[in-house]
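Look at the two complexes coming up: subunit A is in both, with subunit B in one and subunit C in the other.
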Partner chain A sequence: MIGKLLRQPWVFSFGAAIAVWLATIAYTGGQGAGAILTAAFSFATFTIIVGLGQMMVITTGPGNVDLSIPATITLSGVVAMKVMDEDTGRMVIGIIAALGAATLVGVFNYGLIRLLRIPPIIATLSSSFLVLSAAISYGRGIRIKPPEPLAQFAETQVFGIPIMAFAVLALSIALAMVLSRTVYGRSVLAVGQNSRAAWLAGLNVDRTRFLTYVLSALLAGVCGILLSGFSRGAALNMGEEFLLASIATVVIGGTSVAGGRANVPGIWGAALFMYLLVTMLNTFGASAGIRLILTGLMIIGVIVAAGGEEQR
Partner chain B sequence: MNRRFLRQALPFLTLAVVLAATFYVQPRTMSYFGLNLMLQYAVPIALATIAQMFIITVNDLDLSIGPFVGLVSCIGATLLLDNPLLGILALLVLIATYGAVGALIHIRNLPSIVVTLGLSFVWLGIAVLILPSPGGKAPVWLKALMGVQTPWVPFPIIAAIVIGVVVHLALMLSSYGVIARGAGGNPKALTRAGWSMLNTKVIMYMLAGFFGVLSGLALLGLTTSGDAHVADRYTLYSIAGVILGGGEFIGGRVSPLGAVVGALTLALAGSFLIFLKISPDWQIGAQGAILIIVLALRALVSYGEHKR
Partner chain C sequence: MLKKTLACTIALSALLATGVAMADTKDKKIALSNNYAGNSWRQAMLKSWDKVTKPAVEAGIVAAADPFTTSENQVTEQAAQIQNLILQGYNAIVVNAASPDALNGVIKQACDAGIIVVSFDGIVTEPCAWRIAVDFEKMGASEVEYLAKKMPEGGNLLEIRGLAGVFVDDAISKGINETAAKNAQFKIVGSVHGDWAQEVAQKAVAGILPSLPEIKAVVTQGGDGYGAAQAFAAAGRPTPTIIMGNRQDELQWWKEQKDKNGYETMSVSIAPGVSTLAFWVAQMILDGKEVPKDLTVPFLRIDQDTLEANLATTEKGGVANVEYTADDAAKVVAGK
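For the complex of A and B:
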């Protein structure tokens, strides 16, 4: 039983997260243990949302990755704030507009990949340049505050855990169900393991990948809306840190980079680990340079400890 | 004209078109001085692109090359200036580290994207420790080298040709180059033929480190002071340069001449967009559009080249 549990790829990321948290509170002598967790759940939820999207894309097979997530977050945040215009009555229409813009990005991405046969890494990179320019051009000018209910939703806590985290937990469970129980989810895994075999078996490879890129963009859109609610406004660099974070959480969380194997719990463990790691280094009073070096070494350390893919 | 030839010629045609368009928009650039000014930053980009190409040859990807180039510029502006011997030693250690990372990735069969992602934090961290804010000074010889005035043809063009031809000879025409590319094409076949994949990977990673060092020093010679963040965009530039130059992510299909041409195109596209007086909001977007157009053309050319 325990042996089986230890072989689960996501155990590593949770183990690492707990170890880092314990080290932090050992240093502070137990002070702020709860507050640190609350903050971790707040900040990690954003990473988890986009991490789930990135996980789906990476699972559809080698070479598939979405580099347009940061730009999409920014675009969605800017569109949401601008359409809502601080008016609670316009919240729904703002959310629809932002998610619509994000969906367009996903459709455009897959169009480049499928119709122009551009490798996903370059396709999503090029489109992210266009998307970012669109966001900059559209979002020029003043900072607009989010409507009060949106900000409330992003900040409210129950027993020290933000309700946003519960919503994202529900989302994660739903996605895990989709992966294991629906035709689409099984198709994602099958296409990722061997797209040719999946095609021969009669699966619609194109549609599966198309839906996945749209899903990833959509989740980035959700992240953009919530993030601009949480940080009281959209900023043009708000998506920046999520490029590395989304990829790192997927891989540290035990999802196969070669595709075909997804791991939802691992995304949670990895996102919490990465946030707690930075908190720990801050608590220890490490300088910016040391913090960066240790973050890098930890990422490498976890991936080395978790081991790579077995040879095929 | 067959498609294979057309495909290989495409990077060169692209460069010619961008160059012609730049001349048309701003005729004054059609001079020794104008070309020198527009293309000088292409030299470090080309070197970083070659570094990335070595990694792509063995089916890996290096997400740390940008911060690495930044780190080299910081070491060059401080240690190399104050204590040349120690500076050179530090740079050699960096190259050896690249080799060690290649070995680690191969032995543990790790995804290169994640390891180099982690590594990018490490490089940036060390660079920030050395130079918390931009500063230091480039060694005089480095400034002199990058500012050299060659007769007739501007230095950046000569440098680009030399870089491209040397690497082309080594990787495309030497017998060891065939093995290196074979490591990307079919690693199993290579192992069964008795070649060590470990050695090949370590050597390719060290070559990438070496060219990364050259790129950082070249950049330092131009900027004349060190900055940890000076080359953050180089990671993306280098990947785009390799692909623009006709390389592919898997299968060891790369082209050193193409990669250099791809880097020149990217550097030139930047100047071109400024001459076009496009609103600054859309500068990055226009670069994305250029990338998409070139790759769309390539898709058109290679359509039907090999049925899948």
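For the complex of A and C:
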């Protein structure tokens, strides 16, 4: 039983998250143990949302990655706040507009990849410049406050756990089911393992990848809306830190970078680990340089530990 | 009749006189090389540039004043951009640099090509360029000095720093820490990097807050005060005195607190309109005026009694700003 559990690549990210948390509260003498976890769940949810999208994209095969996630977060946040204009009655329109904009980004991304045959890494990077420029010219750096219900949804907690985390948990379970039970989900895995074999087996490779890029953009859109509710306003640099975070959570979480193998629980462990790691180093009072070095080393450590078990 | 003619002649000669003074730069072209546009401060900076340089171009003071921004905050990209500007024949380049020393090579190329280079905000160390710098250390020190006056009994401080590895962050932090060391009643019990962004600051503060004792005040670098306030509220802790950084959302929050419970703080940052000062300085140098290589601009400070006036003139989502006129620039150059 334990041996079986240890073979799961996601165990390591959770183990690392717990170890880091214990080290932090050992340093503070137990002070703030619960509050640190609450904060971790609040902030990790945003990383989890985009991490799930990135995981799906990476799973569709080598070379597939979505670098436009930060720009899409910013665009959807700006569109949502501007359309809602602090008016509760316009919340639904704002959400639809923001998700619509995000969907367009996804469609555009795959258009570049498929029709113009640009490698995904270049296509999504260049589209992110266009998307960010669109957000800048549409928003002009404006920080409009979210309507009160949206802000409250993003902030409400039950027993110290934000309700947003429960919503994202439901989303994660749904996505795990999609991956293992539906034709689309299994196609994603099959295409990622060998796209030619999947094509010969009669799977629609293009449609699978297209849907995946749209899904990733859509999740980035959801993240943008929630994030602007949580931090009470959209800002032009709100998505910036999610580029590395989205990829790192996927890799640390045990999803295969070569594609074909996804790992939903690992995203949770990795997102919590990444947040708690920064918290720990901040609490220890480590300087920025040491913090970056240690972050790098620990990420490598977790990947090596998890990767060793992967080669079965 | 005679009087009228006389008046006309005087007016005409006055016009001619100014015309002559301007004539030296009327066919000169100035370019702005900017390394980043992705936050409200930079947006305000570009807007100020447009607002001041467009009328200047229309009035024939200079032939062109074109802004150029690189998409990624990268030294290599900005170096290539400046090389292009040299080839395009600009007479002066006003630059907000991605790095104080990594662009020195290309800046030297520009100087050798006879181009005037004026750096501001993100200044360059190449000796042939002019520098319009803010005394960031003094800015950091002013925050602690304000707190020392406001709360003589002292207490614990939380420091929010900017982007690690940028010299501005080091300079402000140095000013804060040195002044805090001089005022022994203050103790900096925690330090996090907020990257001058509300979301990042909120996240970092929320993470470290549970492990900290009571915080009396938060010293910041601008663009992070509102996020810090959110983090304190979310953790259910009493709101400390948070030094603000002139962003509209920060000032708005301060105003709400002030109306509610008389909350007191101060706000300090560098005005984005410093780009317009750099423009006028470049124009003056092109005009053949003697300008020292190192200039210092005052930072823009907002206090309890000037809050409303500044909030009223700051647009939603923007940064409190001042734009400079040619006269202001002349005063800065004269060291006044």
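FYI, the second predicted complex is superposed on the first by the 305 of 312 C-alpha atoms of A that agree within 3 Å, B and C clash if a C-alpha of one lies under 4 Å from a C-alpha of the other, contacts with A are read in each partner's own complex, and residues count from 1 in each chain.
Here is the rule we use: contacts are C-beta pairs under 8 Å (C-beta built on N, C-alpha and C of every residue); 3 or more make two chains touch, one makes a residue touch a chain.
Everything quoted here is computed from the prediction, not taken from an experiment.
> Do subunit B and subunit C fit side by side on subunit A in the superposed arrangement, or is it a clash?
Here subunit B and subunit C cannot both sit on subunit A without a clash.
> For A:Gly63 in the superposed arrangement: first (subunit B), second (subunit C), both or neither?
After superposition on chain A, A:Gly63 lies in contact with subunit B alone.
> Quick check on the superposed pair: does A:Ile121 touch subunit B, subunit C, both, or neither? Answer first, second, both or neither.
The first partner, subunit B, only.
> Looking at A:Val304 after the superposition, I want to know if it touches subunit B, subunit C, both of them or none. Which is it: first, second, both, neither?
Only subunit B; A:Val304 stays clear of subunit C.
> Name the contact category of A:Leu292: first (subunit B only), second (subunit C only), both, or neither.
both
> Contacts for A:Phe129 in the overlay, against subunit B (first) and subunit C (second): which applies, first, second, both or neither?
In the superposition, A:Phe129 contacts both subunit B and subunit C.
> Tell me which partner A:Ala248 touches in the superposition: subunit B (first), subunit C (second), both or neither.
first
> Where does A:Asn282 make contact in the superposed view: on subunit B (first), on subunit C (second), on both, or on neither?
After superposition on chain A, A:Asn282 lies in contact with subunit C alone.
> Of the candidate stretches 95-103, 149-157, 221-229 or 239-247, which in subunit B collides with subunit C after aligning the structures?
That would be 221-229, the only stretch with clashing C-alpha atoms.
> Where on subunit A do subunit B and subunit C both make contact?
Overlap of subunit B and subunit C footprints on subunit A: residues 129, 132, 136, 140, 288-289, 292.
> For subunit B, which residues count as touching subunit A in their complex?
61, 104, 108-111, 113-115, 117-129, 132, 236, 239-240, 243, 248-250, 279, 281-289, 291-292, 295-296, 299
> Considering only the defined contacts, which subunit A positions touch subunit B in the complex?
62-63, 65, 112, 116-119, 121-123, 125-130, 132-134, 136-137, 140, 244, 247-248, 251-252, 257-258, 287-300, 303-304, 307-311
> If you look only at subunit A, which of its residues touch subunit C in the complex?
Touching subunit C: residues 24, 27-28, 31-36, 39-40, 42-43, 129, 132, 136, 139-144, 155, 227, 231-233, 235-238, 240-241, 275, 278-279, 282-283, 285, 288-289, 292 of subunit A.
> Spell out the residues on subunit C that touch subunit A in their complex, using ranges where they run on.
Those residues of subunit C that touch subunit A are 37-40, 43-44, 71, 161, 164-165, 190-193, 195, 197-200, 202-204, 206-212, 226-227, 230, 234-235, 247-249, 316-318.
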